[in-house]
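Should a chain be cited, it is by its letter among A, B, C and D, assigned in written order, with residues numbered from 1 in that chain.
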Amino acid sequence: MDVFLMSLPTILKTMVMGAVPILLASLGEVFSERAGLVNIGLEGVMAIGAFVGFAIGKMTGNLWLGLVVGMLAGIAVNLLYGFCTVTLCADQVVTGMAINILAPAIALFGYNLFVGSNPANATGDQMASLAIPGLANIPFVGNAFFNQTLMGYLAFVLVPLVWYFFKNFRFGLSFRSVGENPQAAETLGINVVRVKYLACVLCGALAAAGGAFLTLCYTPIYTDGIVMGRGFIALATVIFGRWSAVGVLGASLLFGFFDGLNVALQAQFQAAPVMFFKMIPYAFTIVALLFFGSKHAGPKANGKPYFREMR
Amino acid sequence: MAKKELSAEERQERTLSILTPVVSVLLALVIGAIIVACLGKNPLQGYGAMLQGSWGDASKISKTLERSCPLIFTGLCATFAYKCGVFNLGGEGQFIMGGCATACVILGGGIEGPAGLALGLLAGIVVGGIWALIPGIMKITRGLNEMITTIMLNYIALYFMEYVYKMMYSDQGLPKTVAMPKSARLADLAGTHVGVLLAVVLGVVVWYVIFRTSFGFKIRAVGMNPVASRVNGFPVKRLVLLAFVISGAIAGLGGSVELLGRTPYRLADGFGSGFGFDGVAIALIAQLNPIAAVVVAILFGTLSTGGTMMQSVIGVPTAIMDIIRGLIIIFAVAGMAMIKLPKIRAFLTNRKQSKKTEASA
Amino acid sequence: MAELLRMEGISKRFGSFYANQDVSLQVEEGEVHTLLGENGAGKSTLMNILIGLYQPTEGKVYMRGQEVEISSPGVAVAHGIGMVHQHFMLIDDMTGLENIILGDKRHKSARLQLAEDRKTVEEIQERYGLEIDLDEKVSDMSIGMQQRVEIMKVLFRGADLLILDEPTAVLTDLEVQGLFDIMRSLTAEGKSIIFISHKMREVMAISDRVTVLRRGRSIQTLRVADTTEQELADLMIGQKFQENTYQKVSAPGAPELTLKDVSWHPEVKHGGLKDVSLTLHKGEVLGVAGIDGNGQSALAQLVTGLISPDSGEVEGPDGSKIAVFSPQSFIDAGLGNIPEDRNKMGLVGGMSVAENLVLKQTASDRFSSGHGAWLKMGAINDFAEQMREQNDIRCTSVNQTASSLSGGNQQKVILARELESHPKLLLAVYPTRGLDIGATEFIHNQIIAQRDAGCAVLLISADFDEVLKLSDRITVLFEGQIMGTYTGANPPIKEISLAMAGK
Amino acid sequence: MAENKDLTQMMMSRRQVLGLGAAGAAALTLAACGGGSSDSGSEAGSDSGAGDAEAKDSYKVAMIMSGIITDGGWDQAHYESLQRALKDHGKWEMLEPHENTADADAATAAQAYVDQDVDLIIGNGNQFASDWMEVVADAAENHPGVHFLITNTDPTAEMGDYDTLDPVETVLPDFKQTGALAGVVAGLMTQTKSIGFIGGMKLPSTLAKYSAYLAAAQKIDPSIQGQYNFEAGFTDASFGTNLAQQWINTNNVDVMWGDASAVDNGVRQALEAAGADTHFDIAQPIDIVGDDQPTVVTSTVTDWMIGQAMDEIESGSFGGGKAITADMSNGGITLGKFSDKVPADVQDKVNEYVEEIKAGTFLTDDEVSKIQDTL
């Protein structure tokens, strides 16, 4: 058991690092689903964010510019999703699947061109992690929570902001109403289509930021499939985070913890059948859905197209 | 539907619903050609190589059909599930578990010959069905969204397969199972394995079950309106569960056929990867018609074998083929949605009327 | 009084169908102006044009004499026009206050000013006597309170012209009186109200002037003082309004279905059933009167086997206790069901007319061989063509999707399917909701024909006139309890309507 | 009467279905005519019919890989050794490498080159050994000029079920030597006496490398402990970061050696975060020492002797399932340059040991197998 205690600080470190991409993607999905758009294509948007962030960061040397351009690329891809689902009223699941197949292909194609032109482009550099002076050396927990990259801190700071937005902002109220009952929102003069498109922009930006974190802070390279199913886990996180920013934070950290546990077990018990450790994060998602998932059904008009002039 | 005198807009609806996928394919190929041209390569030569590589001669055709076989199975799996309103994105996991079941039965039980083949296929069907039953029960009892549970089960199946080919039946410690005994393999047929024929036949059978049996009728009704189905006496929960199990069984059978039909006849890293999502895309483009799904799966198989050929002849990255596939799906999705929009429909009807009035004036 | 609103020559076309044609309407300040018309006469369309949800094909709108162009609901609010919809436009998951201030743009800052807004709302509450619990979630509110939230939403935005669309359809008599008091206090303050209803008693009680709409056209505007209920009814229907009641049956046959002290979620005021005892006799129409939300849908689900009772017993024709409550077993026992919601419960919209007609019988050897193994498409088509003639279902082809049919034709498809199997027990829930007069007549005749053929009919409808017209016996449901049973011949209307209000 | 009506319906509905099929086929033919005449360049160079004994003036080589040529590891090393071989084999011309080859398309990719009668087809890694059985048989029969070179594969163990191995050769680097080299460097550099290895996949090659690595390090200092992982795969860099963090913090590992391409980048990221001057990494299989890699002290470089294969093809002595061994004697295995973090005395000692390893006297086989049996 002592091995477990000894590796706990590192598990917490992995937990926090692992939670950030999922947190960002699921915050984006909270905006999207609050406006009634279930976006299955998070995985694809994260892949685009990861590649563009990496490429621009490497090309210009300025990682923050890479992040911003990555988010813009994510917005562009998600607007394609928005056009199909909001304007054309296409099926949201179907369009999401299409994005999941198209976006990673574009990212891989771009990567081949980017690295093909100059092999040195393969590895980029990383955002430095900033230890908050006082807190970082709290034993046991300090290093995990207070020795993160600036982008990591920003992701966590975003949670209270999003909570505040939905709770106290006029526009937050309008946002929620579009997801619950678009007809009612329309009669109160809220432009439902504009809110849905704005939700697509926010979801695209945040999901791409989640992807960019993988290549700008977590690892120095981009590989095809770097997202590794995190987009789908973000979808599950939104459900058992009860469509709220704080709930999603908790769920992301929980998932990050199980990811860390999986790595710790593989590090210490090398001869064991490690495949079962690898299953832990995914099995946990199902179990969590089983216990928290069903009751709260989420926004009423979630996933339904909105035909403006319904006779 | 005898004496199918289609009304004007029904005929228009039918032509549009056939036209959309065809236009999406052509549009995607055109954009693919533009990308290839921007890379300084000759797209016409590339597409020529693609066709040559996939349909050039008898051996190429059989290889293309062999590559399309798993896609037909996962395509039918997604089609059958969607017909009942069930978003089964777990085709890949069920496919893999089918393969694992076959390997366990044949290698574990040491059964050779046709008995091994039959039991192997049966095991694939049963375990594939069970792997889809899990999300089904969760959906029925706890109302869990099956999209997420099926995807999580994909990853769990992937790592379970890893356990099978690394720990249970590894070939002298190598990360792959021992090859399936020759006597238990699927017989050859015109350069490829008989599984391909099985897949195509299954497409027709699934079409028949869905459109020409009372069970299929009920499945379709539950898919379109579960509440009305329940009010009119259909056992909705049982039908949804059956839809899960049957679609899982189809994917499981696909896994067994792929293992017993195709070189290297072993489970190894990367077995079944990517077939799940492709199956979903195929079902969508085929607008849930099983026979159209077979055709679209063969098209996807052509893109894969042809794409590989194209890459070796004009040296373009294979990612282009993924982009073309992605574009086909996006255009198909957008196209199908557009023709349903009231505005577009009105535009089409009065364009047709204005043509008629011109003709009669 | 000064003129507030004038709508001239308004028409609105959906494809080839004219919902409104050359309608003109004039409303003065401080007036209750009723818009009277049958279902489908174009009332809701006209009002949706007024609040900017739809754009008129032709015609002009004037507010206080100047022409205005209402392009969206937001513009309508700016012009002081507000509408209380029949189906409430509320967000269930939000509190009363949040619903009221949603989408309001009076404050410059982006942050919500809950305290300030609450004060404004409370002022309006006192002035007009609107009793609302602002912090309760709408989903937990009573229907009356939800309606008051809707009214507050309009008043909070400083509306001078309020449109109330069928407000009394969901209220008990007590709540209707409360609503009328609120309306009188509003008009006293100079606000104008457009009141939409087709209930003659209420129109006469509350309105100053009435404009009658028929088939999308404005027929005539008259002062209530110098007209009678009969005259308005004739204008509304367009020909002599004769009350053709059917021959009532006095000696019913043997009991088909008996409910003894049946309860289901008794604690739920607005949906449960408490100790209901009913007997349905062969060859008799038992009408259940009562306002929506008093346990009617629970009763309907019970009779069709969708739900099973918490306590009490249900007995079949031979007195045997029914144990298995499943739709299929009830259908096998000869149940015909015209459900409450055509699209959600009656038809599979995506399937063709032919498929919907054989929905329940695909496994029978009439339409398939090897019970269900091979569908006989030909037989299905012939059956559909035959049903189409018999029941005058107007559609271009039987392969057309059910969702593409009009409301009346959809109901005829359901009727054809349910009655073809000669049911022993027929349940009809609000069968003529939203249908034109012709379709209503056709369906009523069919129901009576089934009764005369010995079928036991249970009619549940919120349309009191329909219950009066068809029922041999009338019973009243209020908050899940049977208030009383009356003969259908010449029913004590006063007593029944009081029972409906819970007395 | 009713009977044939059913038949006509069957015909009717089948016609719809055929309509769909025709539409699909139409798409293909349209694409075809869009594709112009299909006599593409694949028939070029069909003069290979003559026996391969008589030397030709020009040869073609193609490489098929599951990753990409810039993955900083496995496939990049193969690509660079191919470039080195091409430098001194003027007659050879390289086709575009076939990157990102999915397992399902491995056979088709090879077949595409066989059709173009490419003289040498190189497959990076033993997964191609199991996929190419039919392609090799077809080539041996009707494309005699085509030869296959599969790396990291033991022909007897992994290609037992091939009908013929005539056109095939494999390359088997001396994994023990590579392991010993890395073990020596690790043994000398480690302060915490705890070293780690990530193997990407549990293969005979990775098992042998790790065993030699630990045995050599323990030869220098018996108290050295070793951590290993063979399940990391080759693409998940974040796993490398997390795993390295675990070992650094919990088992205070301070020297890492990796054989997992992208995952090693993640490891280096964790080492750098833990302090670049106290935590070191030995790269593999290409030399990436430089200022953009602060933690890399040296690299164990492998060359897959593609030049030797080319010579054998030119002289006609290629084939028969021979396994070319790549070791320190023929330059197959070398130690890359040292970074400035390696003090001079350590560099001299390492060079001493290198000579002993080359002579085979540094490690005995049973010392290595003693560790390998525990895995």
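Just so it is clear, contacts are C-beta pairs under 8 Å (C-beta built on N, C-alpha and C of every residue); 3 or more make two chains touch, one makes a residue touch a chain.
Not measured: the values here are computed from a predicted model.
A.B. asks: Quick one: which pair of chains has the most contacts?
C.D. replies: Counting C-beta pairs in contact per chain pair, the top pair is B-D.
A.B. asks: Name the chain whose C-alpha centroid is farthest from the C-alpha centroid of subunit D.
C.D. replies: So the farthest one, by centre of C-alpha atoms, is C.
A.B. asks: With chain centres defined as C-alpha means, what is the inter-centre distance between subunit C and subunit D in Å?
C.D. replies: 73
A.B. asks: Between subunit A and subunit D, tell me the centre distance in angstrom, where each centre is the average of that chain's C-alpha atoms.
C.D. replies: From the centre of subunit A to the centre of subunit D is 34 Å.
A.B. asks: Determine the centre-to-centre distance between subunit A and subunit C, using the mean Cα coordinates as centres, and give it in whole Å.
C.D. replies: 45
A.B. asks: On subunit B, where are the residues touching two or more other chains?
C.D. replies: Only 1-2, 4, 166, 317, 319 qualify.
A.B. asks: If a residue has to touch 2 or more other chains to count, which residues of subunit A qualify?
C.D. replies: Those would be 108, 112, 116, 275, 278.
A.B. asks: For subunit D, which residues are shared contacts with two or more other chains?
C.D. replies: Within subunit D, the residues that touch at least two other chains are 5, 9, 13, 99-100.
A.B. asks: How about subunit D: which of its residues touch subunit B in the complex?
C.D. replies: Touching subunit B from subunit D are residues 5, 8-9, 12-13, 16-17, 19-21, 23-24, 26-28, 30-32, 34-42, 62, 95-96, 98-105, 107-109, 111-113, 116, 126-127, 130-131, 133-134, 157-158, 161, 201-204, 207.
A.B. asks: Flag every residue of subunit C that touches subunit A in the complex, lowest number first.
C.D. replies: Per the touch definition, subunit C meets subunit A at residues 14, 51, 53-54, 72-75, 77, 83, 85, 89-94, 98, 101-105, 107, 110-112, 153.
A.B. asks: In the complex of these two chains, what residues of subunit B are touching subunit A?
C.D. replies: Checking each residue of subunit B against subunit A gives 35, 87, 89, 138, 142-145, 147-149, 151-153, 155-156, 159-160, 162-163, 166-167, 277-278, 280-281, 284, 317, 319-320, 322-323, 325-327, 329-330, 333-334, 336-338, 340-342.
A.B. asks: For the complex, give me every residue of subunit B touching subunit C.
C.D. replies: Those residues of subunit B that touch subunit C are 1-7, 10, 212-215, 217-218, 220-221, 224-225, 227-235, 346.
A.B. asks: For subunit A, which residues count as touching subunit B in their complex?
C.D. replies: My answer: residues 40, 80, 83-84, 88-91, 93-95, 97-106, 108-109, 112-113, 116, 229, 232, 235-236, 239, 273, 275-276, 278-279, 282-283, 285-286, 289-290, 293-294, 297, 307.
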